[in-house]
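Next come the structures, one after another.
There are two complexes below, and they share chain A, which is joined by chain B in the first and by chain C in the second.
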Partner chain A sequence: MTDLGLLDWALTFAFACFGVGLLFNLYRIARAPAVPDRILALDTMVINVIALLVLYGIRTGSGINFEAAMLFAMTGFVSTVAYAKFILRGDIIE
Partner chain B sequence: MSLALIAALPFLGALLPGLMIRAGRNACAMTTGFVTALALLMLGLHAPAVLRGEVIQTRIEWLPGLGLNANFFLDGLGLLFAGLILGIGLLIILYARFYLSKSDPMGQFYTYLMLFQGAMVGIVLSDNILLLLVFWELTSLSSFLLIGYWKHLPEGRQGARMALTVTGAGGLAMIAGMLILGNIAGSYDLTVILQNKEAIQASEWYLPALILILLGAFTKSAQFPFHFWLPHAMAAPTPVSAYLHSATMVKAGLFLMARMWPVLAGTPEWFYIVATTGLVTMVLAAKIALFKDDLKALLAFSTVSHLGLITMLLGFGTKAAATVAMFHIINHATFKAALFMSAGIVDHEAHTRDIKRLGGLRHLMPVTFAIALIASLSMAGIPPLNGFLSKEMMLEETAHTVWAGSHWLMPVLATLGALFSVAYSFRFLAHTFLGPVRDDYPHKPHDPGFGMWAAPALLAALVVIIGLVPMTAAGWLVDAAAGAVTGEPVAAKIKHWHGLGSPALWMSVLAVGGGLMLLASHARLDAIWNATPRPEAKRIFDGIVEPLAALARRVTAISHDGSLTRYLAIATVTITALGYYAWATADHGTGTRALTPIQTVPAIGWFLLVVSSLALVAFHRNRLLTLVLVGVIGLMVSVGFAYMSAPDLALTQISVEVATVILLLLALNFLPKTTPVESSGGRKLRDGLIAAFGGTGVGVLIYALMTRDFAFPSIAEYHLANSYKEGGGTNVVNVILVDFRGYDTFGEITVLGIGAIVIYALTEALLRGGPANDRLLAWSPDQRRAGDRHPLMLVVATRLMLPVALIVGVYIFLRGHNMPGGGFIAGLVVAIALVMQYMASGFAWTQARQKIDYHALIGAGVLIAAATGIGAWFNGVPFLTSDFGYVNIWPLEEFELATAALFDLGVFLTVLGAVMLALASLSRIAIRAGETINVDAFDIHPENDGPRTEPATTTTEAR
Partner chain C sequence: MIAEILISALLVMAGIFGLVGSFGLLKLPDLMTRLHAPTKATTVGVGGVLIASMAYFLIFEGKLSWHELLITLFLLLTAPITANFIAKAHIHREMTARDLPVTGTERDWATLMPSDEPVQPVMNRVDEPPRQVSDH
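Showing the complex of A and B:
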């Protein structure tokens, strides 16, 4: 990876950013004014994880993780909707 | 093959009575009789060969690794017993048809009877002692059902329990004995064991094996001191008593002793244990029988006594005595079954079996009297009936037997037994049928219809025929059976007159004379008998069983009190302690594998996992927050799988996570949002310590595993090497699921389908009315609710996502064989896509627009998977072997088709159906709780000024 200088640096930087993002998400989940903040934090956490998966795929040069990322995105969206619906209405399937 | 079929026929026939009872009682009895007659006919076809001395064998490998094979053989002994079981069974079926009253469930009776018959035939035809043990236990179980047939009678239930306990305990002992025997002989095949007499008798394990096997035989055949269960089993309907307790089940013990005779008999141990037990049983039971007032109890003790007689003869260990034993088995079966049936007729007609309330019946029931006369004279041993012949021969044998150096002990005691036998036989006859006609019978007795007395009459005729021409009527069968028992050719000489010099003649005369004198003074003796205290068997039995049952209840109450916490605690502590013991006592060094360096981002993931787990413990009372934290953990586990090169697991995990969240949120709607405080501080500390120990133990174990190489080659290599070659797929995980371990997957999807249907059934029961339903109807939301039920944004977004998600599902399904994916994940993905529509537009609205029956989906999935597996048979390979090939369809590229994909389709459909059925079931609860149903897909419709709803109707619920 030594000859990929710029990309390597960029990847490391991105990994660091999303890693720190995860820690912030965790903080928000643990300490938040209300439940919606926590749910949003969980949703953001899923997005950060997707980013990490994609970055990992770029670094290892394999495409398998991109599909995993796609499925994470879909399920993450659905569970966020479910949490939100629960807070709004109590019953998620009315 | 045909021997196995003879044993299997009654079991197959057991299925019929339950069905045929719908066509009437006659049809039911005739079907049952037909099956038995068929088995008897098949047996009869073998008879000529067996009588020529051949041994017919059928061998079917079942579990050869365990030595358990479905091997059957038929020799003279088997022919005698199987003939008795099926022949008398046929008569009993006829008799029971008329004996059972209209209120008795006849289908059930015949089903039990056939189960019992099959088990008995199985015992006598088995050529494998393990198979024999299986049938042996089956007779105990089926006779339990038969004895307790009248479930409303407490005596019936208690008698059934006692019989099961005693014979079951004996059966356990016998299993141990048989295993020892099999070990000595080196085979569990009877035919092999029977050839190893020297090895077995020389073994130091001979005596333990002998005692254990005899325990089984003695309990089954009601030998002293285990005789007490038989009289209590008389609470059964009379056909059962006549069948089980005179002709068949109690003779199973005798059969076993006869079967094992070639290898076990002939030693002093055998003689003293078996002959003494038989003698004591014979005399003691005959004496008790004399004082029993219940007709069936009298016959029961008489049966015990006669079983003792046969046991004693087998115990002598001589060829002549064994021959007499075989002859008496035939005779006893004929006269005793006839007597039981006569007693049943008396009970049926006079509504009492109490001998003190009977008498004079000869005028009222002449036919029954005639039958009982012949049978009881035979039981007493009066010439020229068959009972006389075998008793005379028995007395002759005892006269030549020396017991512990004494020449007179055996003959004297045997004569005493015969004397009592004469006395109770005549008492049965005289006190029931002779004397003046009374006017105080509970019911005016008269002879029953032909159907009821036909069976005992036939037996009585046999008694006479065998008595008059024994050699023609039974000699050949006795020769064949005794030949099989002793292993040498036997030519029995049965005759009435042995000459004046024969000691048996004078012993017989003594017995008849003494017996009649005893009967004459019966009233006086009865008073003495009733005045003397004697041990009450039932009380002793209860005294032993009750404390044991109480102990069992106490142990159960401690370990199985219904608290999940306790189960987990017990299991965790046990496993951790055992693990620690293994670790502390074994030799082990540090791991050999180097640790990989810790990288930053995975470390962050690990940190998130740990913190969320700890937070979960801290905040677990807030249930919604708990769910959010579980979401974090699930996310981290999923991404961990992806990072550690397990994309299949990652995909499955993340799909399962979201399905779980939706299910739990659905349930949480109706549950309190916080968990109450229930545990004390000490308890928390205890549970915390257990959890910490368990967790640490697992952590250490995993660390130890991961820092070492495998001690033996792992199966992964095989899977990696053969996945493409044999399964036709490059995705090893998927090939394992649908091919290598396809059978497991098949079981799992079946269980999954059952689980979903159970959820549906439980919801259905919940909604059917009752306290739970009332609470649901009175339920009101426990939190404030937003006005917008179905937001436009959400509806539009999910509609757009539906086709995309479906395509993703299809894609993941299709490529699953070679790349991460497969039916399981695809099923979850499609389920999630559908659930989104439910969440966006409501349950009823969506349900009305997609008409998929989830039950049918589950069923179709399991059936498709099964059909794929069965398809392999047509290809000439075992169940679920997959096949694959390449096809060219212009203009497409060459592509692969595998049968595994079809199996995967079954998995896909089952998973989809199961998830959707579970979610739909839970959603229906909300509708019952007063939810209204929306007419439109979303609430704020351009044409209307607010949501249009209608109350829930039964039609939408019924979906």
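Showing the complex of A and C:
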């Protein structure tokens, strides 16, 4: 990170926004009326974590976090579909 | 300088979109409306962050990285699929056929009457709805 004041502030703001979003998701997972709400909150959590990883990549100036973000996107999608399928049918692979 | 302002504006807008998406998860009344907040607002937020990252690495590091485009493509492809699965699970677990609005065609909701044969979509709407919803 070079001495760019504005970009630093914007990065900090975005970090704070997505961090507060993660806390909201955590609250929704703890207090949810039904199981599909929890799946939705977990899926949103994965998306927020991807955003945090990419922001951390900008801050450190290295591209090594993109593989981690890609893996998060893939495993998040597969686990969400598997969970929804499981509570729908009681089985994942039929 | 202009690039710095542009990237900063993208990051701030992305943060606001992400925050609104996660706040909608708390604020909205039931799951069918709650589905809209993360699948639309948060996806736009992550897309803004990824575009900002591409611009940052292109301008300040001097290299174009394609990983962000891959992540954006993957997220934009998978968000509607997960929303569809969650809505389907919600319909089958928490709602009855009476809670759903009438389709206005001859067929009922596709998820309530699955068939092994491929079904052509019904384009002409019938005048009389097949299921009466006003009997409760």
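Note that the second predicted complex is superposed on the first by the 92 of 94 C-alpha atoms of A that agree within 3 Å, B and C clash if a C-alpha of one lies under 4 Å from a C-alpha of the other, contacts with A are read in each partner's own complex, and residues count from 1 in each chain.
Simple rule for what comes next: a contact is a pair of C-beta atoms (placed from the backbone, for glycine too) under 8 Å apart; a residue touches a chain by one contact, two chains touch by 3 or more.
Here the structure is a predicted model, which means the values were calculated and not measured.
> Based on the superposed arrangement, let me know which partner A:A68 touches: chain B (first), chain C (second), both, or neither?
After superposition on chain A, A:A68 lies in contact with chain B alone.
> Tell me which partner A:K85 touches in the superposition: chain B (first), chain C (second), both or neither.
After superposing on A, A:K85 lies in contact with both chain B and chain C.
> Is A:L22 in contact with chain B, with chain C, with both, or with neither (first, second, both, neither)?
In the superposition, A:L22 contacts both chain B and chain C.
> Figure out whether A:A10 sits in contact with chain B (first) or chain C (second), or with both, or with neither.
Second partner only.
> Touching A:R38 in the superposition: chain B (first), chain C (second), both, neither?
First partner only, chain B.
> Which of the two partners, first being chain B and second being chain C, lies in contact with A:V54: first, second, both, or neither?
So A:V54 only meets chain C here.
> Considering each complex separately, which residues of chain A are in contact with chain B in the first and with chain C in the second?
In chain A, residues 15-16, 18, 22, 35, 39, 67, 70, 74, 77, 81, 85, 88 are touched by chain B and also by chain C.
> Quick one: in the complex, what on chain A touches chain B?
15-16, 18-19, 22-23, 26, 29-30, 35, 38-39, 42, 45-46, 49, 52-53, 56, 64-65, 67-68, 70-72, 74-79, 81-83, 85-86, 88-94
> Please output the residues of chain C touching chain A within their complex, sorted ascending.
The touching residues are 4-5, 7-9, 11-12, 14-16, 18-19, 21-23, 25-26, 31, 34-35, 38, 42-43, 45-46, 49-50, 52-53, 56-57, 60-61, 65, 67-68, 70-71, 74-75, 78, 81-82, 85-86, 88-90, 92-94.
> Show which residues of chain B lie in contact with chain A when the two form their complex.
600-601, 604-605, 607-608, 611-612, 615, 624-625, 627-629, 631-632, 635, 638-639, 642-643, 647, 650-651, 654-655, 657-658, 661-662, 665-666, 668-669, 781-783, 785-786, 788-790, 794, 798, 801, 805, 808, 812, 819-820, 825, 829, 832, 835-836, 838-839, 842-843, 919, 922-923, 926, 931, 934
> Show me the residue ranges of chain A that touch chain C in the complex, using the header's touch definition.
Residues of chain A touching chain C: 2, 4, 6-7, 9-11, 13-18, 20-22, 24-25, 27-28, 33-37, 39-41, 43-44, 47-48, 50-51, 54-55, 57-58, 61, 63, 66-67, 69-70, 73-74, 77, 80-81, 84-85, 87-88.
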